[in-house]
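As written, the chain order gives the labels A, B, C, D, E, F and G, with residue 1 at the start of each chain.
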């Protein structure tokens, strides 16, 4: 940092220089460095979030001009993040890679009510179910905002999942009231990752959303593929050797029954198979006269 | 049941399922052969695809097949 | 499978399942009887409780394919 | 069951399933080889499509085998 | 699969499943024996309860075996 | 899917599933390694119980396998 | 199982499944590579349509298989 100080004008006060130095250190320290939006987060909540991140990530809020300077001074293209320094933002650094950081921030978001005049960040839905609210004018309000609602069994019920506002539309006073009454909190409040930089790559949030279930399914598919290949190619591993023996045994049984090989190990199965075939044939015979009593339908 | 087994044997050996053949098998097995039942069986099997029926046994719980029909 | 069927006929008619009897049935059915297969079958069935085998088969949910024909 | 496995080995290695070959395998395995069973095996397999029979094993709803270890 | 069948034969004949025995069976079958595959098989089976694996497979309803007998 | 296989290798060898290790394996396999995919994989697998997923895959008739990428 | 996964990676990256390539991957994964197991794998896969083998559901683990690693 000291070398860099030389080409700054001397008018920069010490506290600013120190703050820039602190920010620069954060940028250097962590694997992933990102810009998060903190707009609309009350300062007490922000303190709590900062505490929760402790140990895995670090959040700094500073004047945007200082943030930009710190980013500009850093190496390897972190300066691309300056594009996102706009409005109420903070700088975050994490040991996790950008995907991990994104997940962590998403998981830390908490639901919050939405007010009239706000824009829906995602489609707002009123779920099917009993509202538990006694019959009254509320049913009309529900219908007014577009929910399928009616009075049933002595209370107001929503008869199907109803999307009442599309993403990007403005919340009306009535809708705000209805959502408040139902205690639906459609907003997610928390640190909103705008962009994150790691190992020379800039990641946008929309590339960072990963579906864990999909990865789990992939792991299962990969494990199944390994098992299948091991068994079907008869390349035994500790995990599949028993299965291979079982497969061999099953194949021998199948062949033995197919060829009616009178092996003692198959005698039971041959008898029951013959019995089953006899019964199956008998089941195709309509004339009861042709069958003994025990075979009549 | 021995009547039906007799039919199955004839089916396997590609012999005709007729009264004489069924009777001969049952005789050989020392069974009391009821002529009317042999007649009824032979007649009833005329319209049955035996291969098909036997294959059903594979799909059906062995043994359990009986009841249905 | 005709060998097995023959044995099961003998079981039904309460005759002994021995080589002579099995052979006689298959002969009557016009089959080419392979002596070794008769022998193997009779030997294999020696320790089998046929009633049991049939009942067990009924109990096991084989295949699971379900509904009978 | 060793007789059947012997046949399966010969099938895999594209060797003829005949009495001599089956016997040789079983001898190598230290089995007491019964000539008539070998004969019966070879006779039983004469008209059987082994590939087919083995593939059917794969089709078996193996579920029953029960949970993993 | 011939390597596995060989192991299954040894299991039936109560002989040890070791490289020498597996190799001998496969040799007798006229197979080109790949030493490394024999080794891999024997190693993989070391911690396997063979009876258990075989019994479970035996318990599976061979229903699918399908086709006529 | 090679990324996932790489992770499973590391799981088997008790090595850490991190970016460096996954990348090294894929490099060794001559794959064009996309750094961001490696990152996504490593982050995602942090929250996946791999042992559990592998066991599950074994318990379920693996048919499903085909599906995924 | 890591040997199999290594083969699957090579299959995905369209590289040849040979001893050198499998070994390189396992080395990169920090595994103790057993030459004979690599050899056995390559030999086992020689005539196998991997796509096919991967998609075809393997038999359900026959209990004894054991989860062990």
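Just so it is clear, contacts are C-beta pairs under 8 Å (C-beta built on N, C-alpha and C of every residue); 3 or more make two chains touch, one makes a residue touch a chain.
As the structure is a computational prediction, the values presented were derived from the model and not from experiment.
Colleague: Would you say A-D or B-C is joined by more C-beta pairs in contact?
Modeller: B-C
Colleague: Could you find the chain whose CA centre sits the greatest distance from that of chain F?
Modeller: Looking at centroid distances, B is the chain farthest away.
Colleague: Would you mind pulling out the distance in Å between where the CA atoms of chain E average out and where those of chain G do?
Modeller: From the centre of chain E to the centre of chain G is 20 Å.
Colleague: Using the average of all C-alpha atoms in each chain as its centre, how far is it in Å between chain A and chain E?
Modeller: That gives a centre separation of 45 Å.
Colleague: From the mean C-alpha coordinate of chain E to that of chain F, what's the distance rounded to whole Å?
Modeller: 31
Colleague: For chain D, write out the residues touching at least two other chains, lowest number first.
Modeller: Residues 1, 5, 8, 37, 40-41, 44, 52-53, 56-57, 60-69 of chain D touch two or more partner chains.
Colleague: Residues touching two or more other chains, restricted to chain A: which are they?
Modeller: 222, 224-228, 234-235, 237-243, 245-254, 258, 260-263, 265-266, 269, 272-278, 280, 283-284
Colleague: Per the contact definition, I'd like the list of chain G residues that touch chain A in the complex.
Modeller: Residue list for chain G touching chain A: 1, 3-5, 7-8, 40-41, 44-45, 48, 50, 52-69.
Colleague: Which residues of chain D touch chain E in the complex?
Modeller: Contact set of chain D toward chain E: 1-2, 5-6, 8-10, 12-13, 15, 21, 24-31, 52-53, 56-57, 59-62, 64-66.
Colleague: Under the stated contact criterion, what part of chain A meets chain E in this complex?
Modeller: 234-238, 240-254, 257-258, 260, 265, 269, 273-274, 277
Colleague: Okay, in this complex, where on chain E does chain G touch?
Modeller: 34-37, 39-40, 43, 47-54, 56-57
Colleague: Where on chain D does chain C make contact in their complex?
Modeller: Of all residues in chain D, those touching chain C are 36-37, 39-41, 43-44, 60-61, 63-64.
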